[in-house]
Amino acid sequence: MNRLRRFLQTPEAIAGAIILALLIVMALAAPLLFPGDPQAIAGPALLPPFQDLSLPLGTDRLGRDVLAELFHGARTSLAVGLAAAAAALLIGSVVGTLAGFAGGLVDDVLMRITDAFQTVPGFLLALAFVSIVGPSLGVVVAAIALGAWTGPARVARAEVLSIRERDYVAGARVIGMHPLEIAFREVLPNALPPVLALSSVIVAAAILTEAALSFLGLGDPNRVTWGGMIAEGRTVLRTAPFLSVVPGIALVLTVLGVYLAGEGVVESTAVRRSLS
Amino acid sequence: MTALLSIRDLSVRYRRDGVGALKGVSLHVEAGERLAIIGESGSGKSTLALAVAGLLAKGAVIDGTIEWTIPKSQTSHSFAPLSVLPDISPTRGEIEPSSPLSPISNVVGEMPAAKPPISPLVGEMSGRTEGGAVERQPSHPRDTIPHLGRDIGFVFQDPSSSLDPVMPVGKQIAEVARAHLGLGWPQSMTLAKTLLDRVRLPSPDAVLYAYPHQLSGGQKQRVAIAAAIAAGPKLLIADEATSALDTIVQAEIVALIRRLVAEDGMTLLFISHDIALAATLADRIAVLRHGELIELGETDQILNAPRHAYTRSLLDAHLGLDARPLLDRQGASA
Amino acid sequence: MTVLAVSNLAKRYRRGGKPFAAVDDVSFEIGRAETLALAGPSGSGKSTIARLVLRLIEPDAGRIDFEGADFLALSGAALRARRARLQMVFQDPLAAFNPRATVARVLDDPLRIHNIASRAERPRRIAALLERVGLDASLASRAIHEISGGQRQRVAIARAIATRPSLIVLDEAVSALDVSVRGQILELLLDLQRQERIAYLFISHDLGVIRAVAHRIIVLDSGRVAESGDARAVIANPQSAIGKALVAATPRLTRSRP
């Protein structure tokens, strides 16, 4: 409770929390408020917003309900963003822990692989991966994680390098604990906090990457995505700009919300650390 | 003898755990004496040192008073030397609660001043920061209360964390002199060199530009002591200053403190868990336990005729080179 | 009977680009139920020897025989299994445990790793261990950071004896404790030594403590053995310069005894 109060001390954190909460509500409520296929035709094509009460944000070129698409798109954005970030953090902390704890050749090999991934822009990597394997939700998540795990790996390794010199790691060796158990049960949990601090940046980047992939037509074709909606509206940008602007605003607000909330978390933990 | 400071009914409670760290401690520190404060962990000995220096963390709730008296014995004139307690008007004893030092600190001339209201907003510092603590004290006009760094020198237990790792040690010492004596850089550096010589560091010219990591633990503690005495404080507080050092270095640092205190006529507050070590240095010993002052007396009396059973148990627990080895006691009982 | 025999042990480090010998040609033996103290100022190589003996670091030269077998020849699973017989207690009991651990977990680990007790049996064994070191069995559920320093050091001792070792390395194990607690911990260690015939490699810079519990002493200076012998004899009449300096620096209570 105390933690929550400290988190909500800055206006930025409050704004971020509100945006994220709204987004989560949208994602959860989408199947209830808009049951059925959001890609089904709901009315006349290119109906402008605020004309028809049952279609408040109008319809797109094919007569699909923009509001329904927006809600269902929130599901995709959140799901892909969180899943990709989780995968990146998981891969990154495992690789970083192994490299930092084992040292020597293992460290060298793993870190050179990390270097290799880091020199290729993450988006290009995702693009290439999806083009080869074919678009589906799982592939998109994997593609984004592929470009995002290197940051967590480096942070985890640095943290592990300092933790492995502590007495309790020596103590674990003295009682005969297996090195892998020491690495993942004793060291990794204590190395996680700075790695987790990266998560807001990674989630935000993952949401943007997903949107960009969808914009290029490499998203899961069976799902509504904000990136796909923007691409869809692009062809009628001059006559019906709202088709691109509405999902664009949603995207900007989401990324902003994730950043602000993440910043708030980091700030509140920093305050706690300086207090203790 | 005049009291340099009089602590009356001092209680300190840390808000986080709500446990009293100090409970109604009353104590006079005579000008020029060497007073040891002895206690085990949780006895409140460090809290007492921090309270005197105005270094208690923000969360601390404080009750009671600490009154300071201008030492008149220093000079034949009524003026104190610059390095002692400048700008103190005997008629002005009251202090503002927003002062950088503990609001319970209070300077009086000949008369004790009225007790100021106690505010929980104590010193901006959060504790273990020595050296740095001296420098980071916010600048403010010369006020009428003892000032950490200028009037009080503080030596912490761990010299590695009390020195700035990325600043040459000479500069760290000079900074104290500059801030509190109003000297320019060249004079401050000259003074720093003199001080490094006084704390018996080999080749002060080289050490002046050395970084803390290039020095051993004992050498770092000597630097910390040099910084603490740079502004010619009246009171030197050594809070477990030798506990992190090995026996040989500890003995050297104690000898150094003894010499510096004698040369400069400083009053010494020596905080330690080691009653035997304290006895080698102190004129008087105060024994704290669970935040209470349970015994205070001349060192001789504490060692030879302790009044309190706890003091006796501390003395008995000391494993000296003349004690009967536990091995034998065990053998006897087995 | 010899538990540990160390001969011509050497370990070099680089400091500021220059190699220096942290441990240089050190040899000693420890017998069953014997306490050998390593004394010396900081930087004399005490802790490096402890870490070498425990194989937390590897020596550059020398031989370590533990319970009659070449300890340096072991590796992997064989080494881990052997570690059950050679334990350690650290100076700072808070740093020696995983900050997230509970007392029960700390004591469960050695029992599990060395298959000393089945999962069902372990809680009972943990309770017995706690009682053996003078703690209440109910302490098991507490987090390590919640208990006092003295209790923590008792837990560290309980963990060390869980695997029934023949030798425990005590690296400044009582230096961070309050004097009243220190006496009790030393008594506990002596009691365990008599009951279980455990040998101790007792590392300390405090001659008073060494004199109270150790049979023999080795005084180290810059990684080399300065002198060695019966603990009380050496402390009463040190021959080496460093031995004399250590004795002279030890604070004395000059009490006129009644």
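Just so it is clear, A, B and C label the chains in written order, and each chain counts residues from 1 on its own.
Convention: contacts are C-beta pairs under 8 Å (C-beta built on N, C-alpha and C of every residue); 3 or more make two chains touch, one makes a residue touch a chain.
The shown structure was predicted, so the numbers you read here are calculated from the model rather than taken from an experiment.
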item: Most widely separated chain from subunit C, with each centre as the mean of CA atoms; value: A
item: Chains linked by the largest number of contacting C-beta pairs; value: B-C
item: Gap in Å, rounded to a whole number, between the CA centres of subunit B and subunit A; value: 52
item: Centroid distance [mean C-alpha coordinates] between subunit C and subunit B, Å; value: 34
item: Centre-to-centre distance between subunit C and subunit A (centres being mean Cα positions), rounded to whole Å; value: 49
item: Subunit B - residues contacting subunit C, complex; value: 40-41, 216-217, 245-252, 273-277, 279-280, 303-304, 313-315, 317-323, 325-327, 330, 334
item: Partner subunit A, residues of subunit C touching it in the complex; value: 51, 54, 56, 80-81, 83-84, 86-88, 90, 92, 95-100, 109-110, 113-114, 159, 163
item: Touch list for subunit C against partner subunit B, complex; value: 41-43, 149, 178-183, 186-187, 190-191, 194, 205-209, 211-215, 232, 235-236, 245-256, 258
item: Of subunit A, residues touching subunit C in the complex; value: 166-168, 170-178, 186, 189-190
